[in-house]
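Accompanying notes for the structure given below.
Note that the chains take the letters A, B, C, D and E in the order they are written out, and that residue 1 is the start of every chain.
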Amino acid sequence: MEILGVPTALLGSQLLVGLINGSFYAILSLGLAIIFGLLNIINFAHGAQYMMGAFIAWLALTRFEINYWVALIAAPLLVGLFGVILERTMLRKLYKLDHLYGLLLTFGLALIIEGIFRDQFGISGESYEVPEALSGGIHLGFMFLPIYRAWVVVAALTVCFGTWFMIEKTKLGAYLRAGTENPQIVQALGINVPLLITFTYGYGVALAAFAGVLAAPVFQVNPLMGSNLIIVVFAVVVIGGMGSILGSIVTGIGLGLVEGLTKVFYPEASAVVVFVIMVIVLLVRPAGLFGKA
Amino acid sequence: MTSAFDPKPEMLRISDLHAFYGESHILHGIDLHVGRGECITLLGRNGSGRSTTLKSILGLVGRRSGSIMVNGKDVIAEPTHRMARHGIGYVPEERAIFASLSTEENLMLPPQVASGGMSLDEIYRMFPNLLERRSSPGTKLSGGEQQMLAMARVLRTGAKLLLLDEITEGLAPVIVKKLGEVIVELKKRGFTIILVEQNFRFAAPLADRHYVLEHGEIIATISKEELPGRLDWLHQTLGV
Amino acid sequence: MSEFILETAGLTKEFKGFAAVSNVDLKVRRGHIHALIGPNGAGKTTVFNLLTKFLPPTRGSITFDGQDITREAPAATARRGLVRSFQISATFPHLSVMENVRIGLQRKLGTEFHFWRSEKSLNVLNDRAMELLEAVDLTQFADTVTAEMPYGRKRALEIATTLALEPTMMLLDEPTQGMGQEDIGRVVELIRKVSANRTILMVEHNLSVVANLCDRITVLQRGSILAEGPYEEVSKNPQVLEAYVGSSDMNDAHH
Amino acid sequence: MSTPSQTTTLIKPEVLYTGLFIVGLIAPFAIYPTFLMKLFCFALFACAFNLLLGFAGLLSFGHAAFLGTAGYVCGLMVRDVGVTPEIGILAGTVAAGLLGWVFGVLAIRRTGIYFAMITLALAQMVYFIVLQVKATGGEDGLQGVPRGHLFGVVDLSDNMAMYYLVYAVFSVGFFIIYRTIHSPFGQILKAIRENEPRAISLGYDVSRFKLTAFIISASLAGLAGATKTLIFQLASLSDVHWHTSGEVVLMTLLGGLGTILGPAVGSATIITLQNELADKVGSWVTVIMGSIFVLCVLAFRRGIVGEIQALIHRAGIR
Amino acid sequence: QISGGVVKIGVLTDLSGTYSDLAGSGAVLATKMAIDDFIAKEKPDFKIEMVSADHQNKADIASNKAREWFEREGVDTATELVTTSVALAVMKIAKEKDRIALMSGPASTPITNEQCNDVTVHYTYDTYALANGTAKAVTKQGGKNWFFLTADYAFGQALEKDASAVVTANGGKVLGSVRHPFPGSDFSSFLLKAQASGAQVIGLANAGADTTNAIKQAAEFGITPTQALAGLLMFITDIHSLGLKTTQGMYLTEGFYWDLNEETRAWSKRFFGVQKKMPTMVQAGQYSSVYHYLKAVKAAGSDDTKKVMTQMKKMPINDFFAKNGQIREDGRMVHDMYLMQVKKPAESKYPWDYYNVRQVIPAAEAFQPLSQSRCPLVKK
């Protein structure tokens, strides 16, 4: 069977691959959306923090023989802590200002982080082996699915929906949303907003690092692995609606799929398809697919 | 004016409070006190520093100095979010309704800091408008509805010292009247209230004492009893 | 010329099934100061938004000066001479007071797109701007950055800027909100002064202001017109008293 | 966004600008002209960008598209069609203006971060097209553009001749920006930035103003790009890359957002640093650039010119 | 008759970007070594200086720097010049200013074809040599059916075109190709297409991170054992970063390998002592080209461009890098190339022991023959 000259088996496998990539988008854009939602900061350093996650996992394995599973917890914690420090020392000073400044600061941070890693580890990057327990794959009939990729989807979606639940369905979420709008008043109501903000940034950053550890066995761990991804992830967040948690998750997965399809039918355009969609979406639905106008 | 024989235990005492926004010095040494269950007002022209006084109590100004005693404890060094734990509730003049939250979420947002907060039912009975708009997002409310919500939000928390900034602003007379009743009721229940009001007709009968501010200083303190005699003076200074 | 400058017929605005304004037939007589009052949430601001095209009506029509303006763009309506103020003061905070007024005056020159022309070409407006500032008693603030002025003065400035357009009709949304008594007095006088030769529609909760200024009052409740007439008449209407004042004496509602 | 307050300058603007103009005339005798030319191109680019961000409050994150497109158009016209350089520059500018019109129509309906993102997305598409189209030479860039003879007469391969052309282009561009800011149009633009609903209610068709500003800014960015192509005799992909869009934001911010001279000063600083650091610190360039960003945002938000103005202002008060 | 009494060599390279590992600071080091060795060995009567700069892969920065060097600082030759856009820009300026451009890093064939000029030497390798070497050898060894994974830009397309031609010429077949955006990070979709094509060999017509990611993911999706990968533009640094486990068995073409013989080992170990990495062919070529240039200057007794160029073309190159290397009239330096196969992890005995040399491709076959040249300088 063929659809538009493409065998359905191939199409199926492409969709599956799209879903896998979508999971990465989802988890990265979720982190961005949370940070934007609460801090009103467009975290340009997100890509660098993702890269840090991957590098920490690699360093842990090669220098200290710390395995993947420990790294999966430890790297986000470490990077999250790094995020907490950044927030306490720098970002904190920008909340009252225009979005622009947060974007610029984190842009600068990204340059610094990437520059340092590049100086330390070179540009070609390092290779991280798929952990023993997840190596190999399953023959699905239409394709060979590496077990690790399946694990990525499961892990990413679990974390995404867990986070979504925490934010949308608990009081914490209401604090977060209210804190975005008027931190002073929320404080006056008795909520420790600075702490809340610090932890949120830390959490968003930790999500990036988590994605980084997930990505380490899939992609070559290199200092620029995040900077190439980040622009696309921005687009995902914007299409989903800035600050919308569910929006970022769903859009992340959806765009992964769309991109997968583009790779089948018009591969050259797969790098811009996200941007084309973004322009169309914003013209039709100004606040993004899930954003509130 | 401060009588040593004041029977009511002191809820709040402010001494020599200075406040700054950036470079500008707004409050120049405010001294005032409120006993438990009292209601006082801060009067003054636009820009005289009434709102700033309330904000300074909560630590929402750039910088402040002096002392702020709540229940006998100096809290000036404490961060804003701790003030609610001391039982202070605040209705800001700009209302500050959260746009991304629905009316009910706005109501449910503040944590309960003490017992004695009003239940949702009580609140909806007091402000039927809110019941009707309970699931509508905060910013879609009309000006007056937002004002009611801001007031209601604080009543839920059980805060015992209420700082109310221009709460009658933009409200229809029927609601203003109701608010007056609410405040009388609150006083009865032992709440302590600081009112900042333009609507003197509203504030006058409620207050035990009036502080008149000008350029960030208290220029007069008028007790309830003295009020009739000072009306002319007030009229001259404030145009009341 | 019709005796009514502004007429709406069956004006309705629904938000997701909730009718904020329903079937309002509002008629504003030329030259009047007309007040729109009503309990909170009655739909007054929404009516304003409809009249000035900041919201599209769900149903109904709006006629201004004999023209149907129901589907016009907001800026076009403003150019017709139907100009609004906002419930929260609306100035250009980082421009000087003089510049604020000139923004209003500038349109007449027809050079607003002339990016090649020096701004000195705007100096011809200065005299008129000063006149307007004088009218609202702001001459001594002419060079002040607007943000630094007290609230009441900003409202006055807003009115001056609006006047610069020489509007046939002004819509004022709670012009005295947040003002001290002395400012209220000033603004009331101001409105009275500028009402010469033009029509004013205002929303106002301060009934002493309404009693003082307005020729005619429309009372909205739950999106519909509850009563209409001169102050004396409306203030005796028991329904109005109940819905709006909450007592049997309108004077209770004066600040 | 911080807005410049009306500064009491000790020096009259006319004197200041005349002085600077004369400095520019004699500069190439002291400083390497090619470097100066590059500097002027980026200064013009940043000033054009600042017109939009600093005076209309619109953050375009895709301005490289105009710089690059104009560069390619000018290069192709001069190299392949064989027109004289001034026609090439004109063509590039017009192309950028047209592109600006397209971007503008699509983007100005949104504000804030959405505006930035739409412009970024559109610019990414332009990047994609430039990468794909044969005529641009893909990642090799458009190479070997002759400088040619200005009006068919003046040989521009002489660096000094080229310098004065660039200087003239910059001066004209800068004057247009200066004039636009201090024009009736600029006045309305400021009003819109300050309070958009109010501007509408005063009868101004806000989107037309924004669009006009966008087109002016895009055209001038194009002017800079077209000139740049002639200077280096090449147009390359990095001109349309989003990094360039980011760089111009940095230049503007570093120099002083919403000040007239700021972007020029900022771009001069960045270009000089890039040039000097390239030899000295090697791979640490990005780290240093990043640190400047961070420092700027945290400590010198008003930018170089903004800080100086504030100093003068303070001195003036005392 | 040396201008200013100094021969000044400019190293214009990518110190911070994508190519910084394969050229970058290693190329600067190689240049320094070449100068030091030359002074020690040949005792020249002129002074030699070196300047270096990071062009950040931007043609305009490179162009600006090169101009400044030539016009202001009396630089006699701009060297290294990785990234084609940089190379093309600088060679034009060199021509205009009558100076020399020595290119070790860039890969594009237009440098010695359409764009060629008489002041440029393309020294180490080019896409033709790599694609040709690998594709021919693999096809000949039975890898008849090919599928290309191509970076969607001029460079990738050129690689694909060159390699396809070689495959068909040697009796192979190209079953198809897929263009992926550049840069990409996830190649699984494209690899699945390649897999579905049933080709024996998947040719990677891309470079850098794209290549390494594709290789890695091919292994992950179980493609590699069944289908073979052929890297058309790979460097030892890529192998180093991917590790032998993922790359074992791959074919690639190199212009240099540190572990070829005593000479290469000796030089490379000195290099390693400073850089902590073994040299790539670009870095080794950089040394060789600079040394050769200096020799030509000495021989010509002048740093005049024309004289030095003539001298460089006249003298054969014989050092650890090349045996009987020759600079042709189109500027191409031709020398032997090596077809390598990546060792299995078990075969690797010591650090950086990565390759088995499968074939030495003689200079005459390794590069595009002059007869096919599109360079106007070539008299036909």
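Criterion: a residue touches a chain if its C-beta (ideal position, glycine included) is under 8 Å from a C-beta of that chain, and two chains touch if they have at least 3 such contacts.
In this text the structure is predicted, and so the values were computed from the model without any measurement.
Engineer: Enumerate, in label order, the chains that touch subunit A and subunit E alike.
Structural biologist: Per touch definition, common to subunit A and subunit E: D.
Engineer: In the chain contact graph, what is the shortest path length, in steps, from subunit D to subunit E?
Structural biologist: 1
Engineer: State the chain with the largest centre-to-centre distance from subunit B, centres being mean CA positions.
Structural biologist: Most remote chain from subunit B, centroid-wise, comes out as E.
Engineer: Relative to subunit A, which chain has the most distant C-alpha mean position?
Structural biologist: C
Engineer: Distance-wise, how many Å sit between the C-alpha centres of subunit C and subunit E, to the nearest whole number?
Structural biologist: 75
Engineer: Averaging only over C-alpha atoms, locate the centres of subunit B and subunit C and give their separation in whole Å.
Structural biologist: About 30 Å separates the centre of subunit B from that of subunit C.
Engineer: Where the CA atoms of subunit A average out and where those of subunit C average out, how many Å apart are those spots?
Structural biologist: Chain centres of subunit A and subunit C, defined by C-alpha means, are spaced 49 Å apart.
Engineer: What positions in subunit D touch 2 or more of the other chains?
Structural biologist: Residues 132, 283-286 of subunit D touch two or more partner chains.
Engineer: Enumerate the residues of subunit E that touch no fewer than two other chains.
Structural biologist: Residue numbers touching two or more other chains: 16, 20, 24, 152, 182.
Engineer: What are all the chain pairs that meet the touch criterion?
Structural biologist: Final set of chain pairs in contact is A-B, A-D, A-E, B-C, C-D, D-E.
Engineer: Please give the residue numbers of subunit C that touch subunit B in the complex, ascending.
Structural biologist: The touching residues are 15, 18, 37-46, 87, 150-152, 174, 177-185, 205, 207, 243-247, 252-255.
Engineer: Could you pull out which subunit B residues touch subunit C in their complex?
Structural biologist: Residues 44-47, 93, 129, 132-133, 136, 140-145, 147-148, 166, 169-178, 198-202, 238-240 of subunit B touch subunit C in their complex.
Engineer: Spell out the part of subunit D that touches subunit C in their complex, as residue ranges.
Structural biologist: Residues of subunit D touching subunit C: 3, 5-6, 176, 179-180, 182-188, 190-191, 194-195, 197-206, 208-209, 212, 216.
Engineer: Subunit D touches which residues of subunit C in the complex?
Structural biologist: It comes out as residues 52, 54, 73-76, 78-79, 83-86, 90-96, 99, 102-104, 106-107, 109, 111-119, 121-122, 145, 161-162, 165.
Engineer: Note which residues of subunit D are touching subunit E in the complex, please.
Structural biologist: 32, 34-35, 38, 131-132, 137-141, 143-144, 157, 159, 228, 232-234, 236-239, 274-275, 277-279, 282-286
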